[in-house]
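Chains here go by letter, A, B, C and D, matching the order in which they are written, and residues are numbered from 1 within each.
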Amino acid sequence: MKHLPDRLLDGYHAFMGGRYASESDRYRALAKEGQEPQTMVIACCDSRAAPETIFDCGPGELFVMRNVANLVPPYEPDGRHHATSAALEYAVQSLKVKHIVVLGHGRCGGIGAALNPAAEPLAPGDFIGQWMGLVSPAADAVSGNTMMTSGERQTALERISIRFSIGNLRTFPYIAEREQNGGLSLHGAWFDISTGELWAMNHDTGDFERPDVD
Amino acid sequence: MKHLPDRLLDGYHAFMGGRYASESDRYRALAKEGQEPQTMVIACCDSRAAPETIFDCGPGELFVMRNVANLVPPYEPDGRHHATSAALEYAVQSLKVKHIVVLGHGRCGGIGAALNPAAEPLAPGDFIGQWMGLVSPAADAVSGNTMMTSGERQTALERISIRFSIGNLRTFPYIAEREQNGGLSLHGAWFDISTGELWAMNHDTGDFERPDVD
Amino acid sequence: MKHLPDRLLDGYHAFMGGRYASESDRYRALAKEGQEPQTMVIACCDSRAAPETIFDCGPGELFVMRNVANLVPPYEPDGRHHATSAALEYAVQSLKVKHIVVLGHGRCGGIGAALNPAAEPLAPGDFIGQWMGLVSPAADAVSGNTMMTSGERQTALERISIRFSIGNLRTFPYIAEREQNGGLSLHGAWFDISTGELWAMNHDTGDFERPDVD
Amino acid sequence: MKHLPDRLLDGYHAFMGGRYASESDRYRALAKEGQEPQTMVIACCDSRAAPETIFDCGPGELFVMRNVANLVPPYEPDGRHHATSAALEYAVQSLKVKHIVVLGHGRCGGIGAALNPAAEPLAPGDFIGQWMGLVSPAADAVSGNTMMTSGERQTALERISIRFSIGNLRTFPYIAEREQNGGLSLHGAWFDISTGELWAMNHDTGDFERPDVD
């Protein structure tokens, strides 16, 4: 058996012959001097919504946490393992990023699962059910509106979840503090896979708007 | 205040004029038909190690979980929120990926923190300390070996951690089962930021080897 | 006092010197032969959403009913005066239009009034309250979701109302019959005043989509 | 099936490439600041008599109610749905328009139906018969005058109806009050489809006169 899937080996060789070949100095400098990304992105695992692709960013630019449905749980310092909170702590306290962007997207499978819970969990541990339970109050409120189409409910919860995650970011004391003193900005964005449109959350109203229409 | 950082807006416009313009059919099909990635990658948040870049992959190819130091915790069905376990459950049970790749990299800040615990945590909740605690037995063993250089200890723990995460993947019953019946392969890889070299874990020995030197 | 507002007299003279001058043959033919519009549009009174402007249509093309919030009440043959039902009857039974389009738009004042009923009606008769009462069940359902922003609730009800009106069109026996035998199509559309975008209702799902992205 | 008729999609694209392209700032301002039309027009649904065309008005200028034969029913606060009264209430009480124009036109199908009632209604509910019943006393009086030609009777009733609607406007207490204190003017106009001539109602005599012949 090959030690890596063929597609990945092929892709790696394309990277070495292309991007790395033309950016090797940048990689070497980034290795030597360490990373200093200005922006952390909290994105979904979805294969269609990679932040480096959508924002056309190169090595060193984005510190990226990805989980199902780009959720931020509330601050919960209980001595347990918290993947998302650990990434936030590292980005804000060690790397001192200036921006955190919660990047959601259309047709999100996690959000779909929250809106249409299966009769049976995907597996006995029901990790997806537990994880998406973070937004179950919002999912219930949206699901109850049967006058909206299924697609409209999906988009609504995707956007509510982004605002919810931004709200949870502010429950971390050091994030709230740095936001207040101007050292850190929190942003929301929603990517439409089909059209490629990016919608940015208006900081004042919470609405999602096309940035080129500001 | 702008609703998104300037760099990201500029990058997005480059994406729309470039990649999206030339791949819009693919995006539309992926939106309509849903994602069917063959591979899940568990990668680090590090801004220098984006898997889509290293493997030169486009939309729809990689389902990507990213956390600090690309760690997989052991199977722990306790009814709590587990970001990483939820992503695994979704990838394996819903998307039925055929490969899971744990992708580590050199100069990993999380691994460095595990080897050189600060006198004080980054923040009172110490989420990084708790998270990296997953590999603290290995970190202690490596730290104790003062005949290895600091750089060697770092690389050693980076690679031990990848094998540790692959071991934890097998504590998930459905992953173990699908690996045994041949439907799923587990892989490790380690990326050298400075040289761009990719080292693949040998399935039999656990050693990391240059794939083009096989 | 002038017998017509100055602005309208000026505009009329521009029309006579411009459009009428170049289309007088068409006007004369339309006068002589009568109108044969293919399409009826049910639109809002809003000054920013004239269907002839949005669809760039000339004389003879669109038979246009306009009321507050482009609502169609249900079929109610009670021997009273029904402005909207009379227009429908004339368009379908006498003019035999082939399409009926319910055209809604963003920032609709009527929809806003339904979502945020004033403490006091606009006037003792409360005609707006009574009229918008047609969609009050939907307005209540949408208003209850406080996790959506005010702007999102507004858009949601605007789109629900269009589907509601299309549903009511089908309560008219002759409309249902002609739709079934293929002689008449019912459509929904929503116009974004700010961006100029037109969203068409998908006949199958009820979702609103950009027509150029089909 | 297309989600909108081809003619409308083509027209919309012409609008976006033409009028919207050159007036996008105006649309954005109108979206942001809301509409403040000075004038409400009560017009007929007829495809040949769009007020924006006849008065060459752009977005934001005219608040337009359209029904069959541009009729205003009398004030009837009975707790039922009244499309026309709701539009009046909104225009006068909320938008505070300064002018209301009742715009009739030649060869009006609704007026023709009032003068020549069919042996059978257009449809069982007879909404057209009920609606045009608003002017049936006038229609009966005109019909009885067999010394006028058919064309003269049609024009006569079209103009009588405009005065009748203006009279009904004054049965709305807030319209009468605002007209008396000078905040609101009521106007009548009649458009000749064939010649393009506009005739304005003389406020003092009720006669219809060519404004450019004053």
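Convention: contacts are C-beta pairs under 8 Å (C-beta built on N, C-alpha and C of every residue); 3 or more make two chains touch, one makes a residue touch a chain.
Given the structure is predicted, the values throughout are model-derived calculations rather than measurements.
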Same or different residue numbers at the subunit C/subunit D copy interface, by half rule: same
Whole-Å gap separating subunit A and subunit C, where each centre is the average of the chain's CA atoms: 40
Interchain centroid distance [CA atoms averaged], subunit B/subunit D, Å: 67
Inter-centroid spacing, subunit D versus subunit A (mean Cα positions, whole Å): 53
Geometric centre distance via CA averages, subunit D-subunit C, whole Å: 15
Interface hub residues of subunit B, defined as touching at least two other chains: 28
Touch-based graph of the chains, sorted into line, ring, star, complete or other: line
Listing of all chain pairs that touch each other, if any do: A-B, A-C, C-D
Touching residues (chain side subunit B, partner subunit A) in the complex: 1, 3-5, 7-9, 11-16, 18-20, 24, 27-28, 30-32, 34-35, 37-40, 45-48, 50, 52-68, 71, 73, 75, 77, 79-91, 93-95, 98-99, 101, 106-107, 109-110, 113, 122-128, 130-134, 173-174, 185, 187, 189, 192-196, 198, 200-203, 209, 211-212, 214
Interfacial residue positions of subunit C with respect to subunit A in the complex: 138, 141-142, 144-145, 147-152, 156, 159-160, 163-164, 194-195, 205-207, 210, 213
